[in-house]
Each structure stands twice: as structure tokens, then as C-alpha cells.
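Two complexes, one shared chain (subunit A), two partners (subunit B, subunit C).
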Partner chain A sequence: MATTTFRTCPDTGLKFFNSTENLLKANAVAAVVFLLVGGLHGLLVGMTRWQAVHLLGAEDFYMVLTAHGLNVLIFWIIFFEIAVLYFASSVLLGCRLATPKWAWAGFALMVIGAVMNNVVVLQGNASVMMTSYAPMEAPPLFYLSLILFAVGALIGCFVFFGTLVVAKNDKTYEGSVPLVTFGAITAAIIAVFTIVSGAIILIPTLLWSLGLVGEIDALAYRLIWWAFGHSSQQINVSAHVAVWYAIAAILFGAKPLSEKVSRTAFLMYILFLQIASAHHLLVDPGVSSNFKMFNTSYAMYLAVMASMVHGLTVPGSIEAAQRARGHSAGLFTWLRKAPWGNPTFSGMFISLVGFGFLGGITGVVMGAEQINLLVHNTLYVPGHFHATVVVGTTLAFMALTYWLVPVLFRREIVMKGLAKWQPYLFGLGMSGVSLFLMGAGTLGVPRRHWDIGFAATGGITHDFPAAAYTMLALNGLSVIVAVIGGAAFCVIIVGSLLFGRKLGDQKMSEQWIADPVTDEEYSANGGSAFAIPGTVVLAMVFFVSFALYYFINWKYLAETWGIS
Partner chain B sequence: MSSLSPPAKKLWWKEPIHKSELLWISLVFVWGLVMTFMMPYWHVVGKQNLGTDTYKTTPKAFQAATEAFVEKYEVRKEGPRNYPVVAPPAGGDVYLIARLWDWWPIVELKKGETYRFHLSSLDWQHGFSLQPANINIQVVPNYEHVFNLTPNETGEYSVICNEYCGVGHHLMIGKIHVVD
Partner chain C sequence: MSDQDQADSGEVPMMQKLLDNPFLLLFLGVASPALLYLVWGLAEIFTIPVR
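Take a look at the complex of A and B:
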């Protein structure tokens, strides 16, 4: 029998059922632990790629890079996403979690998978990178650990769907689910597709590494692996966009400018994003140009459109709410008056801007069939995705955590002064990582490469321009700033859990969730409730940067050798 | 009612869309069309469109074809590894092997001429990364990828590997010369 005791949070009025609460805590703590582990590996990687420092030897470097990718991209992100799913269902809909036992089983599998994976990788003979491209082979336990983790995550998704059904049956809400829950549903649907693709590729690969299957076709492996690898990134995008909307509501009482537009944009992620994996195969043999163009454009630009819509509506909804609450002067008073000292806001806003300007633009540009020739497998690629999945997703999750810890654990955040600066340190450090890796990539520097000085090749070398070495050094410096920011986050959160002042049933001194902006407030705003001139100006700046950068790259492409 | 609660208006899909949103959606949609158009457009007017001819092969067959190519057009040996330098006729075929951990052989091309490259791997996946021209192509075992390259400047070019291929990945470097 599922337990149905709950408490009502004195600060937010949200209902936390016991079982939900414990699962939220467990998943969030596991997430932070793996972020810490993965981030430290990132530090070692960055310090090795800085050629003047060159910290690790080659074998250690490749091992540590493998561990980095898996710990942060898979374990940190997915543990946190499971927490987001439980929050968006059980907490926001105010119902009990369906089958907490299964949820714990899923959690246990995920922990076992993640720990096992780290043990296997750190033993040193599974340095195959997270992509583990066949026919490069890892020990069977490597694939098995990922499969266990994925099964655990899949169980989490079904517990989430089950909880939606519980809420519906128990009639704990009226009408349609909240937008944030809708975003979470998007993420969970994509997650199911993702995990199924993952199973289709990882199970045969496991059998092959056990010697039970003769051969894995390298091209088929890439095609299916990326159906999994690509769509897993769409889970992240859907989840962090949902978090953006949540934070806009928490801090400003904002509602979407239009439910219809925002929900349709989420729906477009499901329809168009996950099948658009060919942009990982743009310079592969055996894939036709027609397929590449169709798959990146028809499918991808509609998904890009969805992200650009969220990119307008999230800040737009904040602007509308701020204007309704009196910050209506000029173009940007609403933004200037935002709580920049609150890490929940600053983190969310840096995430939004970094994801759009650094991650979004570069991703679309390198996803053009021909332009991909210039950047495939260079450091440009990790540069791009540190803007999307680190500045974008990771920072958004961090921002939400600052808000969640006092609500969930009933403890105050410790080291508030440091917490104030943490999003800036992490966000700016990571933006530096992203920019300088992309800079190095533009100069041709390969990713996942221990020595671009070619010291051990017996005299056959290539002279990368001095600027490439400078980029790697600047990247190294940014890595240090980012790691300080990342470590600060882990210390603050773990510190708060252990030593934060206990809040008990008392209300905090600050208001922890804004009252929703009312219709009267909206319409008091000069009669044009949803006029968002400031956001429109920002959006135009974005658009112009996008278009310029896009065409500059075509020009750059035109200068290289003829290829046909 | 905020984004954390069910929409206040039960028939939210009937609510009008504000004009800033409509404007942005239209702009973004047109931009998507422009970007979609650019790729086929470049296939017509651009000079950089990677060919996609691909044939199933085996490491053995590909190695044999490359050896025959070397035997036919070898002009000298070069470098610390004493690798053959192969100068195929303008317009001719070029075979290049990727393997753990080098590229074989060295190739000598003429500026402004077009060559038909055949690229495959004898073992794992590799990444053909021509520097400083910055052309990057995935190399996959058991598939022979055939495409044309037309050098537009003379000089010594390096082929480095940019797909991780094990502990010797960073040792993997080859050369292409372009002469007048």
C-alpha cells in the first residue's frame, strides 16, 4: 500500500508526500555527487589540454575524459532529471507518487549502474569515451553498467507517467496540467524513445563484447547510437526549458504569454527533435546528402524554431510580470530590477542567454550539412555543447536547486555570500570554456586529443598556429574559474544539507514563492498586458547575431579546398 | 495562476496570441526556410559538397587496392618512417588508409587539379582531419568512402586523426603535399 501521508510546505504551499520527498532528496543528492566527481575529472582534462601544463599522461587522459563525459552528461543530468519529473508530477499536481517501491528500485539500479561504470572505467581498460564507437571494444561490464542505469531511468519515467494517472484519477487538479508539468511530460516521452534506442544499440554491443555476436557494423552503430545520443540531449533541453518556466513562475509569479504557443513549442520537440540525429553523421560515408539535408532542416529547424520561441516567451513572461508589478518604465527597467543577487534568478538568466547565444547559434550553424566539414570532431563540438548542456542545462538545474533545498530539506542555504556569486563564476567560467574550445576548434584543433604538439611521433608533426595554443591556455584558465564555481555549488549544497539552519515548520523571513500575477495586475499595465518591448529588442539582437554568424561561416567554408 | 498551476482559462487553446509572439514566430519560421534553402543552394553554386559515394569493402581488399595504387605511382620515399610518396595523375584516384596509428601513404597532389579520394579504415573508426585546410571527414571500417578533393593552395598539409582511436590516437599523423 502506498503511503499517503504528506506535509504542506509552509513557504510554498506545495504538498510533499513522504515517499516523493525522500525520492526527490535521494535523486538530487546523487546528482550532485556525480556532478562533483565529473567536474573534477573535467578539471584534469582541461589542465591536460592546456599544452603548457599537460598534467596527465596519455592513458590517464583518455581514461579521465571517458569518466568525465559519463559522470556529467549521463549520471549528473539524469539523476537530476528524475528529480524534476517527480517534482513536476507529484509535487505540482499535489498527488502521491505512483508505486514508490518501483521508483526506489529504479533509483537503486541507477546508482548501481553509475558506480559500476565508474569502477570499470577507472580500472583503465574501458577508455572508449562515452560514445564507445564499435569496433573499439570495452569490457562487457561497461555496457552492462550503462544498461542498468538506463533501465533504472526508464522505471523513473514510468513512475512519472503513473503519477500523472494517479493525479487524474484522484482529481487533484482541474483542467490541463501546468505548463511546467507539460514540459516534463515532453522530456519523459523523449526519454522513453531515447532509452529504447539506447537498448537497441547497447544490448547487441554487450553481446558482441561477450563474444556472442560476431560483428557490429560501425556505421549502423553510429546511426543508432546517435538516435540515442541526440535525443538524450533533447530530454535536457525540454527539462531545462521547463525549469526556466518554473523559475519565472517562482520568482515573478509569471504565467506564459500564451499557453498555446508554449505548449505547441514543447510538442514540436517531440515531433521534430528526436529524429533529427543526422547532424552527427553529416560527414559520414554511406549517408546520402538528401537524407542529411532533410533530416537537419525539415526536422531540425522546426525544433530550432521551438527553442527560439521558448527563448522569447520565457524572458517575455518575466517582462510582462515585472511590468504588471510596476517595473514598467523604459525598455529594460524590468530586467534591471530583477533579483540579480538571487542565484536562482542569475543562474536561470545566464543559462537562458548562454544557451541561446553560445550554444544555440553554434549548434545550428555546425548542423548545416556543408559547414559541418569545417568543425566535425574538432574542439568546436565540445565548445558548443558546454554552452548547451553546461551553461544551459546544468546551470538551470543549479539555479532551481538553490530554491529547492530549503523547501525540500527545510534547511537554509549556507554561505549566502558565495551563493550569490556562484552562478556568475560558473556561468562565466563555462562560457569561457565554451568560447575558447570553439576558438581552438575553428583553428582545426581536434577533440579528445592528448598532444597537438605531436611530440612522440618520431618527427612527423603539424604546427598548429600559436593562436591555437593560446586558446587552450585561455580555456585552461576558464576551466579553473568554472571548477571553482562548480565546486562552490557542491560545497554550498552539501553544506546546507548538513549544517544549514533548520527551518522546521516555520515560515522563512523571505517570501519564497511569488504570488501569481493576477489578471487585474496584467491589465493595469497600460492596457497592453503582454507588451514586451524589451524582450523583443533582445530577440532582435539575437537574431542579427545569429544571421551574421551563419553567413560568415558559409564564407569561411568557401575558402577551403573544393570538395565534391 | 502561473506556469506552476493549471491554466486559468480552461479553453486556453482559444486564447489569442499576442502580436510580439506572432511577429517572432513568423520571423523565425522564415529564417528556418532560409537556412533550409541554403543547403541545396550550396549544392548548386558552392564548391564544398562532400560526395557520399560509399562501397562496402574489407580491410584486406582496401589494403590491396591501396598497395596497388602505391606501386603504380610511387615517386620517392620520405620522412622518418620512410613512407612512400605517391603522385597520382591529375584527375586520378587516391587511396588513403587509416589504421592504428597512422595514415598510409603520403600523397602528392597538384594545385587546382581534382582527385578522387578513396578513404577507409583497416581497424577502428578514425577521423580524417586535413590541416590547415580544416576539412574533417569520418572514416569507418568496412566502408570505402569516395569523394573528390581539389586543392586550392600549394604547401605541406597534415592529416591528423580527430576520432578517438585508442591510446595512440595522438600519434596518428600523415602528410599530403600540394605542388604547382
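Take a look at the complex of A and C:
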């Protein structure tokens, strides 16, 4: 029988069962390792896209781009998400983890898959990029490595669902699960759909690469692959929104403005977020406009609305808590008095703003069938997802890590001065990457071409405007800033794990989790939890930006297609 | 029946029951995109006339 000993964190009062704690550590460390590997490949990609530097040759570029995409979009993110699932179930619900042996088996499969994938890609015969569109073929081990990783992650999801059952049976909570756990449930549900879709397409592709299947239909491949490739990024969205709610509660003692509204928004994610995959098919002739418009607009907008709900309620709950604790003057005193020197807060808030303003607005623009034609398959696409996945998800995960290291590893964070600046460096650099890639994409620069000067293409020429070259140079500079920020994160976290002062059972000098704001505090000063004028003003700024940008793109489209 | 009436009678509202059931949510979260995206999309692709 498995041992079920646990320790209670002296700073947070959270219960860490030994099996959960070890799995959390293993997944978190693996995540940071793959972030480092993927980030370094990202530096090489950025330095090659910068035409004046143009670091890598064509073959190396596509190999490095493949490695970059898989390490940061899949391996780093999913290892961390598995850690989030175990934290949101076993730790937040205060119960043992279901079947830790299966959880370790899942972890082992994920490590084997991720390492195997890196080896296969770096051998140079699998430069098919993350999308690996058939009939472009990679060695069988490439597909096998992804399948192994996906099976491991699927096991992790089922361990999470099993842990929910354990908690319910052991009655470790009353009523509904906490909102953060509900967000993790949303992420796990999307993960199951994602991974099953991956299996549906990667298993036959593996058989095809082994010569056992004659042909893979290119369009069917694209359709099913994107149910895997895009939905995997929707796991991120659900997970990082859950992290936002967690950080609001941890740092401010904030209660959600309305549990019902926030949970309903997560339900909208469960039902509709994954169908956004269709926006990758908006120029594919094999699927109808009905399919495209329903999936990328009508139904998808319910998920967009859910994101806007979260984007309003997370800062709104922080504002309500800050006002309840006395920062009630004017519109933005609550925000000015927030702990901007604490990387957990600054990382979370930059993630929230970047995800909404850069990632969210551009995602809706790209998702509209007509204006998508302006930027389809251009650098605008990576520009968009660097805002959602990197500024949004990665920065939120980094922010949580600063809080988790002392709680989970019982080590003090080292280099606190650098840690204070790290989210700003990373957020600024990545926002630059996002903006300048989108700028280049708007000028028509293709997403996947090694050289926009079209060298060595046998006479193909196209003159992009000089501004496109400037955009790529500015992107290169932004990549350098972002990589410095990312490297600083890895150095701080690895340094803290190895050399940080051991905390043991000793309580930290500073309070590590805020006391929940009480109903009396909320109603003091004659206020109410719903009095969030500052957040409403920010939301209005968002809506105006959204509407302006949306209509500017229709204007561009009108100029592209003159009507006589 | 209003939320207040349901609360008074101790009955859990249907929406609450749905949100508290992770396995029902799992079914919906897999079935919904499977039908709207995968099945619909594949049906269109595989009914494209060959000539």
C-alpha cells in the first residue's frame, strides 16, 4: 500500500502529500529544462529572421525552428500544466494523489518522448516543423516520440480526475471545488480532447512513415492535427487563467467577483474554445464557409466572451480586495499600490494585459474569415501566439513559480533584485517579438520562409518594403531582450533550488499568502465587492482598442480588394 | 423555481449539478468539439467529389 504521509507548509497551511510533492517537483524541473532548451533555439530563430544577421543556413533554420516549437509550445508548457493539475487537485483539495505509480509512469513516458523527440530532430532528418504536415515525412521515431509524450500527458490527466474522486470520497472539501481547481478541470478536459485528437492523427502517420499505410490525406491531416496543435494552446489558456485567479487569491486574499459567472465562463471554454482550431483552415478549399464561420466566429465568440469575463473579473477581484483593504482613493490607487516589485504579481499582471490586448484582439481578427486573408500564414500568426502562449501563459507560469519555489521546495529565492526585473524584461521582450512579427506579417512576410530575400530559390524574387526588414531587425532585438529575461528566470529558479537558503519547517519572515478578505472588509467604507470603477475603465479602453483595430483591418481589406 | 426557492428547499440547481460533475463536463468537452469540428469537418472533406 502506498504511503500517504504529508507535510503542512508552515507559510501557507497547504498539505503536501509526499507522492504529490515529488511529482510536482519532477514535472516543474522538467518544464524549466525544456523551456531553457526551447528558448535557446528561439534565440537562433530570431537571429536568423533578422536579415542583417541571418545566422543559420536554411537546413539548420528549419531544424532549429522545429525544435523551438516543440520544446516551448509542447514540452515546457505541458510538463508545467501537469504540475498545475496535481497542485490544483491534491494540494488545493488536501488529499492524496490517485495512483502515484501511474503518475510516475506518465512522467517517465513524457520525459522519454521529449528527449527522443529532441534527439530525432537534432539529427537533422525531421525538420518538418511542429505542424509536420503530411505528405512531408519525418522518421517514425519523430511521431513515436510525440505519441509517447501524449500518452504520458493523458495518464497525468486521468490521475488528476482520479484525485478529484479521491477528494470527494474522502470528503476533504465541502460543496463545490475551489475556482482554481475548476479552472484546472477545464484545462484537463481540453487536454483529453487534444491528446485523443493527436493520437487519431499521429498513429496513422506513424504507420505511414513505417510504410504500413499507403497515404495520408493532406487536408484530413491538417484538420485533425489542428485539433491537437491548436487545442494544446487552449489547455494553456485555461491553465493560465486558473493561475491568474490563484495569484489574485494568494497575494490579495481576493474572492472572485462572482463564482457563478467565472465558472460559467470556464464552461464556455469547455464547450467552445477548442473549435478555434478551424481558423487554421480558413483558406482550405475542402471545408465549407458554414464550417469555417460557425467554428471560428459564431460559436467561438462565446469562448472569446468567456476570456473577456476572466479579463474583467481577475483584475476586478484584485481591485475589490485592494479597495476593501483601504486603497480606495480615485480610480487607480488600488493598482498603483499593488506589489509591482513582486515578480509573482508583475508577471501575472503583464500576462493578463499582454494576453488580452495583444493576443486576444489579434486572435479575433485572425479568426474572422474575411480579414484573415490579409495575414493568413504570414508572420502575423507567430506574432499572435507569442502574445498568447509566451506573454500570456509562460509569464503566468513563471509568476507562479516564484511563489511555488519557497512553498514546494522550501528554498528561498536567490537574486531577488534580478527577480524583481525579470518579468518586465521578459514581458517587454516578448511583447516586442509579438508586435514586430505581427507588423512584418501585416506587410505580407511569410511565416515559414527562411529568407525573405528569397536567396537560393532559383530566381524567385519578391521585394518586400524596407519596413519589413526593419520589423525583423526590431524582432531580433526584442528576442535578445526576451532571451535575457528567460535566461534570468532559469538562472534564478535553478540557483534557488541549488543554492537558496533552506527554509525547512521555519516560517518565512514575510507573509506568503494573504488572509482572505472578509465580508466585513468588503462592505466597510460603504463599498461593495462590485464597485470596481478602475477595472471598468480599463475594460472600456480594451473595448475601444478592440473595435478600432477590428475596423482598421476591414479598412485594409477594402483597400486590398477594391470595389468598382 | 427561483434560485432562492431552490436554496430554501435544499435542492441543488441543475446548472450547479452540471458544474460539480467533472465527468459530465469531460463528456461535453470532448463531444462538443468532436462533433462541431472533427466530425463535421471530416464529413465535408470525405464527401468532396473525386471528379
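What we mean here is this: the second predicted complex is superposed on the first by the 553 of 564 C-alpha atoms of A that agree within 3 Å, B and C clash if a C-alpha of one lies under 4 Å from a C-alpha of the other, contacts with A are read in each partner's own complex, and residues count from 1 in each chain.
The definition used in the following text is that contacts are C-beta pairs under 8 Å (C-beta built on N, C-alpha and C of every residue); 3 or more make two chains touch, one makes a residue touch a chain.
It should be emphasised that the depicted structure is a prediction, and the values quoted were computed from it without experimental measurement.
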item: Subunit B versus subunit C as contact partner of A:196, first or second or both or neither; value: second
item: Touching partner for A:498 - first (subunit B), second (subunit C), both, neither; value: neither
item: Dominant toucher of subunit A (residue count), subunit B or subunit C; value: B
item: First (subunit B), second (subunit C), both or neither touched by A:541; value: neither
item: Touched partner set for A:295, first subunit B, second subunit C, both or neither; value: second
item: Which superposed partner A:552 touches (first subunit B, second subunit C, both, neither); value: neither
item: Which of subunit B and subunit C A:467 touches, first, second, both or neither; value: neither
item: First (subunit B), second (subunit C), both or neither touched by A:224; value: second
item: Touching partner for A:316 - first (subunit B), second (subunit C), both, neither; value: first
item: Subunit B versus subunit C as contact partner of A:210, first or second or both or neither; value: neither
item: Footprint overlap on subunit A, comparing subunit B with subunit C; value: 176-177, 217, 219, 281, 286-288
item: Subunit B partner contacts - residues on subunit A that touch it in the complex; value: 58-59, 62, 92, 127, 129, 133, 135-136, 173-180, 217-219, 222, 245-246, 248-250, 253-261, 281, 283-289, 293, 296-298, 301-302, 304-305, 308-309, 312-313, 316-317, 364, 368-370, 372-378, 442-444, 446-452, 454, 456-462, 464-465, 514, 516-517, 519, 530-533, 535-536, 539, 543, 546-547, 550, 554, 557-558, 560-564
item: Residues of subunit A defined as touching subunit C within the complex; value: 161, 164, 176-177, 182, 185-186, 188-190, 192-193, 196-197, 200, 217, 219-220, 223-224, 227, 231, 263-264, 267, 270-272, 274-275, 277-278, 281, 286-288, 291, 294-295, 299
item: In the complex, subunit B residues that touch subunit A; value: 1-10, 12-13, 15, 17-18, 20-21, 23-25, 27-29, 31-33, 35-36, 38-40, 42-43, 46-52, 54, 79-81, 114, 119, 123-125, 127, 129-145, 147-152, 158, 160-167, 169-171, 173-175
item: Complex contacts: residues of subunit C adjacent to subunit A; value: 15-16, 18-20, 22-23, 25-26, 28-30, 32-34, 36-38, 40-42, 44-46, 48
